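Each of the two complexes below includes subunit A, the first together with subunit B, the second together with subunit C.
Moving on, here comes the complex of A and B:
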């Protein structure tokens, strides 16, 4: 399933282009309007962490919803239901969304640090937070994408359903990034990391049970 | 007939109980220390409203899982009724919390983590109704809404317990705090517990009414389909 997703994406490159260009455009707009010098020193950790995750979050939203909608649009969903088990479909789509988000973070976070002069004290804790955050965001987005693919007006509905569900995650990620910027100690980032990890875990487990119901409904 | 009489007695008892709660909140419970004026008395209404909102979302989850297991349209109606009441009590808890914030800290809205959490909770369950509106087919609507309800429910502990503890909060300690102790005068605690019982009774009454209306509407639709 994952290989099929990658092959399909390499043919059209819709999600990669949407996520990459949205992220880059927003980053350029933020860097141009705010830049590294417009923020007071004491406000830097909080504002830079918040801006980073807002850019990542909305860039992710623009591309992650497509995984199931494209199957409905291309009328391939019925064939997929016959060809693969629900868990294989969900696992493949989740892995693809994780890969897409990881690629976005790999591309955007270093660029953001350079353009906004964001200094990170705890690089390893930040990488761990980005990895766990990537899984949590992709898991929620994949499940919501599966739900909205079966409803009318899926484009707008994805944002309506996914944004409130991801807000607690976003709050914890911003707090964790702020801590990683100011301290190299794992202990400071641990509460946020635990919260994000727990949310990722419960979302994955819930999705494993719920996806077959949504997929065959 | 017996059932109708029993219900009637329960409603009268509930009304009397709520009158006692209101009287106790204003005249029996003493003034709390460390709060501006009589502002702490709002706890007898604000905490039960928040509790009922959480209870309603638990009922929503229970009915949603039941729908997924049995595919009975009445379970879907139960889930929707619980979510609707949960939203109403969530709004009431937000409003009473804002009144308390105005008296204590001078502003209705302070961007406190608990205020933000409850607004996110409102958005999550408002989205539940947006999803319901977007699906025309009844059975599919029930299934998708139930799946979303389960997904929404797992985020609730993070909103209620985790996020407010990550940031500094102006909000007074919750009833059962991190020390596992109840810091409340005995008479205040009595009134608060009575209010919790009373508001739970109000929720059960409203929920039962909503489910009965849904049952009547379903029966009418079935009759129309058969004609």
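Moving on, here comes the complex of A and C:
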């Protein structure tokens, strides 16, 4: 399932283009308008961490929601329902969304650090936070995408359902990133890391039970 | 191959206030082809969807038995092959890639040679198998859909207007497919085409 998703995406490039262009445009706009020097030194960790996750969040939303909607639009969802177990479908879609988000982070975060002169004291803790955040965000987006796939006006519904679910996640990710910017110690970032990890775990476990019902009914 | 029998009784399906099916009963058994006929909107495709398990009935019951053992609903898809007009294959993949994907999803280790043979048996030319399905005619797409329906040699085969979009040669291909599955599979064909109606041993007419 994951290999098929990657092959399809490499040929169609719908999600990659949406997510990449949105991320890059927002980043350039932020860097141009605010830049590295428009922020007071004491505000830098708060603002830079928040701006980074806002860019990642909205770029992710523009691409991750397509994962099930495209199956319904192309009439392949029923073919898929008859060929695979729900968990195989969910697992493949989740893995694809994780890979897509990881690629976005790999491309966008270093660029953001360079353009905004963002200094990070705890590079390894930040990488760990980005990895766990990527899983949590992708898991939430995948489940919400499955719920809204068959509804009319799915784009609006996705935002309505995903934003409240992702808000606590975003708050923890911003706090964790701020800590990673100011301190190299794992202990400082640990509460945020644990919180995001717990949310990722809860979302994955809930999805394993909920997805088969959503997918078939 | 193990045999599967499907019994359905008093099946009904409503979409909101609109009732599509009411009190439909019957049995699909190995070696027997059932033809489902009826005017447009009478519920032929809905009945196949209910039997395949991709839709839940509003009333009535469906019972799958593998031998004498009841088969739970979450395993129905493992024994069913289905092709219908509202199902599609991936346009950005080639016919061979599509078939390989659906075979892998079903846990089958079919070699490219086996998949090629199946596609050619259903009337596709070997030179067309590696280009994207988006470049195919509707008849060629229909052949790929039929191939994905039978790639796992299912004991239950549900076909919704299998010759739609197919030319005369394609109709013969579909007929020979039905002939190949008929001895061992439980077969249901939803159609109003007189030539396809002739494939059936039993008939359910909907919309009376």
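Here is the rule we use: the second predicted complex is superposed on the first by the 217 of 217 C-alpha atoms of A that agree within 3 Å, B and C clash if a C-alpha of one lies under 4 Å from a C-alpha of the other, contacts with A are read in each partner's own complex, and residues count from 1 in each chain.
Quick note on the criterion: a residue touches a chain if its C-beta (ideal position, glycine included) is under 8 Å from a C-beta of that chain, and two chains touch if they have at least 3 such contacts.
Just so we're clear, the structure is a prediction, and the values are computed from it rather than from any experiment.
Enquirer: In the superposed arrangement, does A:160 touch subunit B (first), subunit C (second), both or neither?
Expert: In the superposition, A:160 touches subunit B alone.
Enquirer: Residues of subunit A touched by subunit B versus by subunit C: which partner has the larger set?
Expert: B
Enquirer: Contacts for A:75 in the overlay, against subunit B (first) and subunit C (second): which applies, first, second, both or neither?
Expert: second
Enquirer: Does subunit B (first) or subunit C (second) touch A:124, or do both, or does neither?
Expert: Neither subunit B nor subunit C is touched by A:124.
Enquirer: So, does A:84 touch the first partner subunit B, the second partner subunit C, both, or neither?
Expert: Second partner only.
Enquirer: Check whether A:191 is in contact with subunit B, with subunit C, with both or with neither, and answer first, second, both or neither.
Expert: first
Enquirer: Regarding the shared-chain residue A:29, is it in contact with subunit B (first), subunit C (second), both, or neither?
Expert: It touches nothing on subunit B or subunit C.
Enquirer: So in the superposed three-chain picture, is A:4 touching just subunit B, just subunit C, both, or none of them (first/second/both/neither)?
Expert: second
Enquirer: In the superposed arrangement, what residues of subunit A touch both subunit B and subunit C?
Expert: 217
Enquirer: Which bits of subunit A are touching subunit B when the two form their complex?
Expert: Touch residues, subunit A against subunit B: 140, 143-144, 147-148, 150-153, 157, 160-161, 163-165, 167-169, 171-172, 175, 191-192, 195, 198-199, 202-203, 206-207, 209-210, 213-214, 217.
Enquirer: Which subunit C residues qualify as touching subunit A in the complex?
Expert: 52-54, 56, 74, 77, 80-82, 84, 86-93, 97, 101-102, 105-106, 132, 145, 148
Enquirer: Note which residues of subunit B are touching subunit A in the complex, please.
Expert: Touching subunit A from subunit B are residues 68, 116-117, 120, 123-124, 126-127, 130-131, 134-136, 139-140, 143-144, 146-148, 150-152, 154-155, 158-159, 162-163, 166-167.
Enquirer: Would you pull the subunit A residues touching subunit C in the complex into a rising list?
Expert: Result: residues 1, 4, 7-8, 11-12, 74-76, 78-85, 88, 212, 216-217 of subunit A touch subunit C.
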